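Take a look at the structures listed below.
In the two assemblies presented below, chain A is common to both, partnered first by chain B and then by chain C.
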Partner chain A sequence: MRWNAEAIPRFLFALYMGAFFLYLFAPLAVMGAATFNASRFPTVTPWRGTTLEWFAALAKDGAMWQALWTSFVVAFFVVAVALPVGTAAALVLTSLHARARSLLYALMVSPLLTPGVVIGIATLVLWRRVGVGGGVFLIVVAQASFIICYVMLMIAARLQRFDRTQEEAALGLGASKFMVFRRVLLPFLRPALYAAGVLAVLQSIENYNTTLFVRGFDTPLTVYIATKVRTGLTPAVNALALIMIAATVIGAIAYEVARRRQTRRG
Partner chain B sequence: MASLVERFGGGLATILIGLVAVWLVAMVLAPNLMMIDYALRPNLPPAAIGGPDDVYSLDNITYLAQESVHRTIFFKTVWASALVALATFVVCYPLAFWLAQNATPNQTAVVLIALTVPFWINEVLRTLAWYILLAFRGPLNALLLSVGIIDEPVRWYGNGGVLAGMIYAYILFMLFPIYNSIESLDKSQLEAARDLGASTLRIHRRIVIPHAKAGIATGCVFTFMLAAGSYVAPALLGAPGSRWFTEIIYNWFFEGGDWNRGAAYALVLLVLCLLVVLLALRIARVNLADVAK
Partner chain C sequence: MSHSVELTNVGMTFGATRAVGDVSFAVEAGEFFSILGPSGCGKTTILRMIAGFLQPTEGRIAIGGRDMSGLGPNQRPTAMIFQSLALFPLMPVWENIAFGLEARGASKAERRAKADDLLKLIALEGFGDRMPGELSGGQRQRVAIARALAVEPQVLLLDEPLSALDLKLRQHMRAELRALQKRTGVTFIYITHDQSEALAMSDRVAVMSAGVLQQVGAPRDLYESPRTPFVASFVGETNAISGTVVEVSDTVATIDTAHGRMSGRSGEGLKSGGTARLYVRPEALVPGLDVENRLTATIERSDFEGAFALLHGRLADGSPLVASVGNTALAEAPGPGESAAFGFETRHAVVLADG
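Our next item is the complex of A and B:
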């Protein structure tokens, strides 16, 4: 390369990019590599020999599978609540006039601006007053209260591109209002509903701050992992993390390949 | 309301409004009002609830002001969260600018996907990765010792560990809003400035940052709020000397057994976050509709 005035900033930027991605991936690489170390505590230094025993340990960890199951149950119900309510919220919002809309909008996005621990605490104290303690039910309620916001925003974004004349055409052809909703509007929203559903599942499974306060005696995956750190961490948790990272990378690559194929097709 | 009925018919409109009402009243407003109610009442044995002592007061909140350890931790959480937001901004800004202005579409796609990989696994596992990396006898110390940068292992757990873990956790919340707002900046403005002799620093200070201020404000607000309300990073990566306000709140609920005081502390945290949001929106002259994008 020719030495010119551009070279120094370019070198600095390359250095920054290298540092950034090192920062991003070094922890994951270490966590993944520690899965194969025969050490009781997850680490890569010192290396006590390569082993696959921690995958076997993970498979035998009944409490972990129980926690994973709890997380899935919670995620299922969160989606079941958040999709209809979030869609309803987006529809109500877009049907309102400007002034009422901005007030309602502020109220609807407020859970996103509320710290997760506060959402958990507020839900906990309300339901204690009516005699309901922490557990799967409250986890669902607390998580849904803010995951609905994400669904609402995604559906509202899709609704902005909806052409209302389609509804008028269907009505003009004799469809009932309910039929228009079911046959015209819902199919139009379907891609956004899928995307929102996936996001809701991910948000639910990854949640910790809110869940911690409303969990009662139930232990979803994030709480289980965090507890492990206190009670004795073994690389079995790393095996789980590695599986999740691998699934993510494969999913991301598949998505990118599909996207490129789509753009090429035009 | 009328337009809703007109569009969807009475039955469906009632269901839609009903769902939204249940959400906003029972899941958003009522819990927060109940938390305020708890915060303002004293912690009493069950028999005394509703009795003459059960009156509203600000005692739980003034307790926080008087208790010097908790007060110190509260202010430390505030400025440390601001520091996290600032540091995350510094880390993310160059990449966001490059992605939005210089990268080819395929480069952008690859980098965005690479960025999301750590974020599909959950926050606890992300923090755990740092917990392993920063352990006293862990890989980072081993590496630095073998290279000879340090002579004896460093205790990373504490303020440094919490900072590293939090920046890591909130990169995307900072990067995406800034990226979105810089993307809409017309390249020719940058070229014009450069042709007129502006330095790189000046171009960023006078053109890019003012243009992207909505995105920057959004990223900083979210990062601040997430940091102030974070529990897992301080719990795993902290040390006894680096306690976080959320840990104090947690202790009131599950160890101190005083839910009223815990609720009061949570209320203080909520009010703080709302004030920061409003202040940031005011300074950047952005409205809420832009933030939630």
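Our next item is the complex of A and C:
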């Protein structure tokens, strides 16, 4: 009688978790494996022998490195714009009365519900009128317009847990509004700011459909990979993806190790 | 002594709600002053108006003789201790304490030195580099007090800071707060709904109900000479016997009740023929005392409290009566089921007009 009370749910849970992780990671595993296939196409079947040549091919692909650099530059400026603006929006949002808040909230979240293509085209049309064509500047503007929403949502979520009496306590001790922000609010928001910054970088680098319309003659990584699909994709792209995944995993582990060390130190 | 804080006809209206109406009182410099009242009586609103978090809609508040209208909390010579304490969780204890000095532009060495001085004052030497989350409730309490004292305020405002502590610690902190206040000489304005806290610590207490100031006085005055029915029943335990006034003089009033004629000291506004209540404390009721004022009750139960016992009984008309009997007199006290006569001295009772 013991097994059906305990074992069946546990087995079902294990089965579900197995299926879940398979679904999540199988495509990544296949893509990673294809990097080491000597085939000209990014595939694992047929296996034409194990090779590292695609890493060499990647290293030689100057246009791709240029595209990666462009993506990083865009991401840097997107973060520089989205963090302060998103934080300011969140601060305004949480200080408003209920009715104005829900109106402003809907307004500020709407770019997230707008298709990326529309944002791209709209940005281009608007800036053309004032004589600004596509390029890194417009990519930053277009991406920031919706990435700001993510930042705002994340900061606003953190702000909701802020104990307002801390602000009053600081004011009561003679602090200026600026000092309250710098010494009390900002340290409280710091984890959310880091998280929002990381999310903004990821959103910026992986964005394709908005970027495509405002890129002008600049080619960020996603656009470059998409053009390669048309002109012939090689496993060099897989090699790049593998490197980026490795970097992400190492970054996440390093962060976790640092965090645990800090918690232990108290 | 000069007035430290003076409220003149202060009122506060939020939309259609009148939270505080026409409150006037003056707190002397160096006084431990409490504002006592049930939750929602407007006491916190008054404190927040003194601190500058709220601007009164009527009247004026002066601190040290200076009108405070229009000044924000960071421009007033006050410091506040919040119910939640509101320590800054991401700053070590010493930075918490020195926060007000940082706001005034003191150097780091100066701030550290002052923080260490204050840590000594609150008996937490060597705790400066801990984080607030690593301290116990009582220690956090003391850090909050030190943080407020660091700015050397003229007035320290305390919003029920002891309510989150357990009983033992609360009693300990009461004594500590009182000692600290005497040592520093800072004016304390203390908000509480706990009457024993207010009576035990304060030089004077203001009792509030529904946004209206009921009475200001020394703890003994409030207890022995309540001026309104609210104060009589809110401060300490009491028995209220209603009746009709038959005779009233400057000092004594006599009323006819369902239990006979009895007298007490007379309150304000009594008129012959008007309805009034006589209030008598449980400890003023003495079993078997043969005086003019007498009440006969059937004892239902006796709650032993250690130093005394509370006898709960019912009068002939079914209304409750509580008498307290000292431990040493307990052997002769009537037990449950017995009918007992209690007498009380006229000077131990108060007659107040029904409001």
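To be clear about the criterion, the second predicted complex is superposed on the first by the 220 of 266 C-alpha atoms of A that agree within 3 Å, B and C clash if a C-alpha of one lies under 4 Å from a C-alpha of the other, contacts with A are read in each partner's own complex, and residues count from 1 in each chain.
The rule we apply is simple: contacts are C-beta pairs under 8 Å (C-beta built on N, C-alpha and C of every residue); 3 or more make two chains touch, one makes a residue touch a chain.
Keep in mind that this is a model prediction, so the values were computed, not measured.
After overlaying the two complexes on the shared chain, residue contacts for A:Met108 are found with chain B alone; chain C is out of touch.
Judged by the touch definition given at the top, the superposed model places A:Gln166 against chain C, while chain B stays out of reach. Contacts of A:Ala144 after superposition: chain B is touched, whereas chain C is not reached.
A simple residue count on chain A separates chain B from chain C, and the partner touching more is B.
Judged by the touch definition given at the top, the superposed model places A:Phe188 against chain C, while chain B stays out of reach.
Of the two partner chains, both chain B and chain C are touched by A:Ser176. For the contact definition in use here, the residues of chain A common to its chain B contact set and its chain C contact set are 176.
Looking at the complex, you find that chain C touches chain A at residues 51-53, 72-74, 78-80, 82, 84, 86-88, 90-91, 99-100, 102-104, 131, 134, 147-148, 150-151.
For chain A in complex with chain B, the touching residues are 9, 13, 16-17, 20-21, 23-28, 30-31, 34, 41-46, 84-85, 88-89, 91-92, 95-96, 102, 105-119, 121-126, 128-129, 141, 144-145, 148-149, 153, 167, 176-178, 181, 202, 205-209, 212-213, 221-222, 225-226, 229, 233, 237-238, 241, 244-245, 248-249, 251-253, 255-256, 259-260. Every residue of chain A that touches chain C in the complex is listed here, in rising order: 163, 165-166, 168-176, 179, 183-184, 187-188, 266. Those residues of chain B whose C-beta lies close enough to touch chain A in the complex are 3-4, 7-9, 11-12, 15-17, 19-20, 22-24, 27-32, 34-35, 37-38, 91, 94-95, 98, 106, 109-110, 113-118, 120-126, 128-133, 135, 137-139, 142-143, 168, 171, 200, 221, 225-226, 228-232, 235-236, 246, 249-250, 253, 259, 262-263, 266-267, 269-270, 273-274, 277, 288-289, 291-293.
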